[in-house]
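Next up: the structures, one after another.
In the two assemblies presented below, subunit A is common to both, partnered first by subunit B and then by subunit C.
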Partner chain A sequence: MGEFSFPYFYNYPPYFTLQPMKDTRDKQIQLWKELILKYCKHHKLFLIDLEEEFALFENTSIQRKLTFEAREQFLSALIADGRAEWLDKNHRKCLILWRRIEDWADSLLNFVRENGIELMTLEEIISGDETYGTELAGLDRGVLVRAVKILEQRGKAAMFKGSSTDDDGVKFSPN
Partner chain B sequence: MRRRPGISGLQGAVAARDQYRSLGDNVAKVRQDLMKEQLETFRHQLEEFASKHKNDITKNPAFRAQFHTMCAKCGVDPLASNKGFWAELLGIGDFYYELGVQIVDICLATRPRNGGLIDIEELRSSLSKRRRSVLITEDDCLRAIGKLKKLGGGYEVFSVGRRKLVRSVPMELNRDHNLILQIAQPRGHVTVEEVERELSWRSGRAIDALENLLKEGLAMIDDGDPDGKRHYWFPCVGPSELETESGGNM
Partner chain C sequence: MEACARVLQLVQLTASGRPRLESGEVECQLLDGIDLEEDSGKWALKSGILSLTTHRLLWLDERLMKASAVPLGSIGQVYASKKSLKSMFSTPRLKFQVWTQKDGRVSSQGQDGAAGSIVLSILFKGRTGPDSFVQRFGEVVKAQAWKVNMAPQIRSSLDESVPAGEAGPSSGTANIPRRPPPTKINPAMAGVSGILRKEQEQQEEVDKNMKEAFQDLNGLMSKAKEMVQLAEKMRARLLQGQSAGTDEEGMGTKQEMQDWMLSVGIASPVTKESAGALYHQQLSRQLADFVKDPVQRAGGMLALIDAYCLFNRARGTELISPEDLLTACTVWATIDVPFRLRKFDSGVMVIQSVSQSDEEVFMRLTALVKSGEAAKMGIGATEAARALGMAPALAKEQLLAAESRGILCRDDGADGLRFFHNFFMDISITTLQEGS
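Entry: the complex of A and B
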């Protein structure tokens, strides 16, 4: 994983203040949406909690930090695009979908096809040896479960309950 | 000529006048031919010069500027027509035409960020970056923008302090706005207090002008400065490390 390179606006202080003029604000929100997705993708992050510090939202080199309101607006805009979802009623925890669930379902299917795998626990997919170094490694559990459900609907997989959640697994029928 | 009396005298006068006229016509014709010939030679030599130095003219900015000066001295405008022999020979009309298209392109692309006002130096360096082999000078930009102006797209160059800004959207920029941009130039931003202090304005005037600049999309506010004051930033002026837009690496 290389160094993440920030876009020009990240070092331009006014982009950390929600702009009052609509046109300017629209552009600002657009830039931040793209940045959040890129950043989360680069660092494989799936969750942003508005109650907690999130490194991207503070640029110490120019001493600027997004306000709560700004962060909430940027995330809401991502949600409106279908690239994020609130995970709780209070709108604090946000799932960032830098890849769509359907795309995760596709890459999971490709992976088991290429490797001739028929059975895997969720844990193995997320942190097992087989997926180590692939894009599936480190996948958010919630996202994975939903990807599997998509495969279930397509008749390509079936989820089964293990004795504990660690043993929950998937039976694949990729062909 | 002494005038002789009688019919023959009158006839003689008519004949003489005819002779003078035809002589005069002759002289005029000779002169005209000579002029035609000179023009032909001049044109021929310019053509020869132009085709010989075509590469220098399009590639070398200093040479291009000198060529323009020379043309201006002769009263020739190589940009006057795109169909003229200049365009055919040099593609020099094309050169500025293309430059104009790229200028419009850059102005449009940066408009969301700078509100339609761009420092000519930033414009010039983006143009140079686009045409890797050809150096573009400020003079080239001014010429190309001059052509654009005739199309009526609202393109205009104006001075703010020692710098030139290119405006690509029609907007009302009055003296107050210009003065504020001038103050903002060194750092790229100002506060209401700084404007009032520098220009000895009462506070209403500064706020009005700044709010107008904000409405025009030329300014952005920054409420996060450690000094606790609202700073008005102007993407079109100030130190521009913004030029290099680094793509995310992923």
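Entry: the complex of A and C
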């Protein structure tokens, strides 16, 4: 994983102040949405908790960080775009979908087809030897479950319960 | 108009259309809806503003921005209006005799240099009737303030605008600077030492009043009335009562005093008393003349509060209320003056020169935020104030205005509110790629 390259305006203090002017703020929100997605993709991050520090939201070199209100606005904008979801009622934990669930489902199906795999536990997909080095490694469990459900609807896979949650698995149809 | 121009004196107007008064001349009353007619019917001036000053009778046409004058010195007999049944229903009028010279112009020397006379009528068609005017007219003519002082510089500049023949012998006196004005000697007041002592006593009293007045605010409040009375007395004395000063020194200090009074202020403030219904309109014009210099000095924009303080200081005694000032500024929208009242989003109100365009200010701000340190650090109100030559509070308003136009963006950091070039608008958004 290489160093993430921040855009040049990441070092401009106004980037970290929520702009009161609508046109300017719209542009600012747009730029933040892009940056959040890129950053999360680069670091394979799926969750942003508003109550915890998140490295992207603070630039220590210019001593600026986003206010709670600003972070909430940027995440809400992502949610409006369908690129994020609140995971709790209080709107504190946010799932970042830098890749759509459908795309994950396609990706998973391609992987098992190419490797001739018919049976895998969720755990194996997330951190097994087979997926090591592929884009599937490190996938969020919640996202994975939803991707599998999409495949189930298409009749391409079936989920089965193991003796423990670790043993929950997926059976893929051969065609 | 032509016929009357050959008879009446031409009056110069200020940029906003107020008559340029002579030194020591004070406006006494303003009336609107006035016709001025020559009785033989040769000419008539219709529905203008009549201004009675201590020196002249001025007739103003606000639309054409023209004014004519009859010097009070040329007025001979004033005919009392006949009280008849008929006069109750016709327009009230005031007739008076005016001495003229050989060339038919009004004679400022009065009867002495006159070759003939004409009769003029003032017709009162406005809301205000003639009664108070007639009384005032009589008083002013009797006071003969025009005889008291004719400041050389203004007198001579006025002479340029009137034909040499009219100016006559007075142009000779105008060339001698600081000539003591003609005075009437009152035997009862004679005696140099007596005058000096009296002057000194007065000065001590003034000193005492000033000291006490400025001790604290309460002191000032309790002294306010006395101060006003004192200032009024001084002005009145300067304008009329020259009887006390036959010695050169006394005249010198008086002249100085008067120069000083003129320099700090407006010799003839427009007052509710003198202008009546025309008050706000005339005040508005006077204010426009007055704020020209302060606004220029303040970089094209002056906070209304500052204007209020400066204006009232200049007026000296006839103070105006904040509401009157605000109304006067609002009237600008309806008359042709180079200023306007501007209200910022924050509610701050300023007087802005029409020539100062927002674009120009924004251009300067844009240049400022792109140069040197400011590009990295941004600019605060202080830096903007220095660059624009205006007060920080107003500079901040300009910054906010520039922000609302999308020219600047803000940084609300530890150093307070600072403004940067709006780089957001420079970046073209690449639409989020699907699935990336």
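We take it that the second predicted complex is superposed on the first by the 174 of 175 C-alpha atoms of A that agree within 3 Å, B and C clash if a C-alpha of one lies under 4 Å from a C-alpha of the other, contacts with A are read in each partner's own complex, and residues count from 1 in each chain.
In this section, a contact is a pair of C-beta atoms (placed from the backbone, for glycine too) under 8 Å apart; a residue touches a chain by one contact, two chains touch by 3 or more.
It should be emphasised that the depicted structure is a prediction, and the values quoted were computed from it without experimental measurement.
Visitor: Should subunit B and subunit C be called a clash or a fit once both complexes are overlaid on subunit A?
Guide: Aligned through their shared chain, the two binders clash on subunit A.
Visitor: Output check: A:13 vs subunit B and subunit C. Expected answer is one of first, second, both, neither. What do you get?
Guide: Once the two structures are laid over each other on A, A:13 reaches both partners.
Visitor: Is A:71 in contact with subunit B, with subunit C, with both, or with neither (first, second, both, neither)?
Guide: In the superposition, A:71 touches no partner, neither subunit B nor subunit C.
Visitor: Once the shared chain is lined up, is A:156 touching subunit B (first), subunit C (second), both, or neither of them?
Guide: neither
Visitor: So, does A:42 touch the first partner subunit B, the second partner subunit C, both, or neither?
Guide: Only subunit B; A:42 stays clear of subunit C.
Visitor: With the two complexes superposed on chain A, say which partner A:5 touches: subunit B (first), subunit C (second), both, or neither.
Guide: A:5: touches subunit B, not subunit C.
Visitor: Is A:81 contacted by the first partner subunit B, the second partner subunit C, both or neither?
Guide: Second partner only.
Visitor: Considering only the contact definition stated at the top, list the common interface residues of subunit A for subunit B and subunit C.
Guide: 9, 12-14, 16-17, 19-21, 23-24, 27, 41, 63-64
Visitor: Could you please specify the touching residues of subunit A with respect to subunit C in the complex?
Guide: Counting only subunit A, the residues touching subunit C are 9, 12-14, 16-17, 19-21, 23-24, 27-28, 30-31, 33-34, 37, 41, 63-64, 81, 83, 98-100, 103.
Visitor: Report the residues of subunit C in contact with subunit A in the complex, numbered from low to high.
Guide: Subunit C residues touching subunit A: 378, 403-404, 406, 409-414, 418, 420, 422-425, 427, 429-430, 432, 434-436.
Visitor: Across the complex, what residues on subunit B touch subunit A?
Guide: Residues in contact with subunit A: 112-113, 115, 189, 214-215, 217, 220-226, 231, 233, 235, 241-250.
Visitor: Could you pull out which subunit A residues touch subunit B in their complex?
Guide: Residues 2-9, 11-17, 19-21, 23-24, 27, 35, 38-39, 41-42, 63-65.
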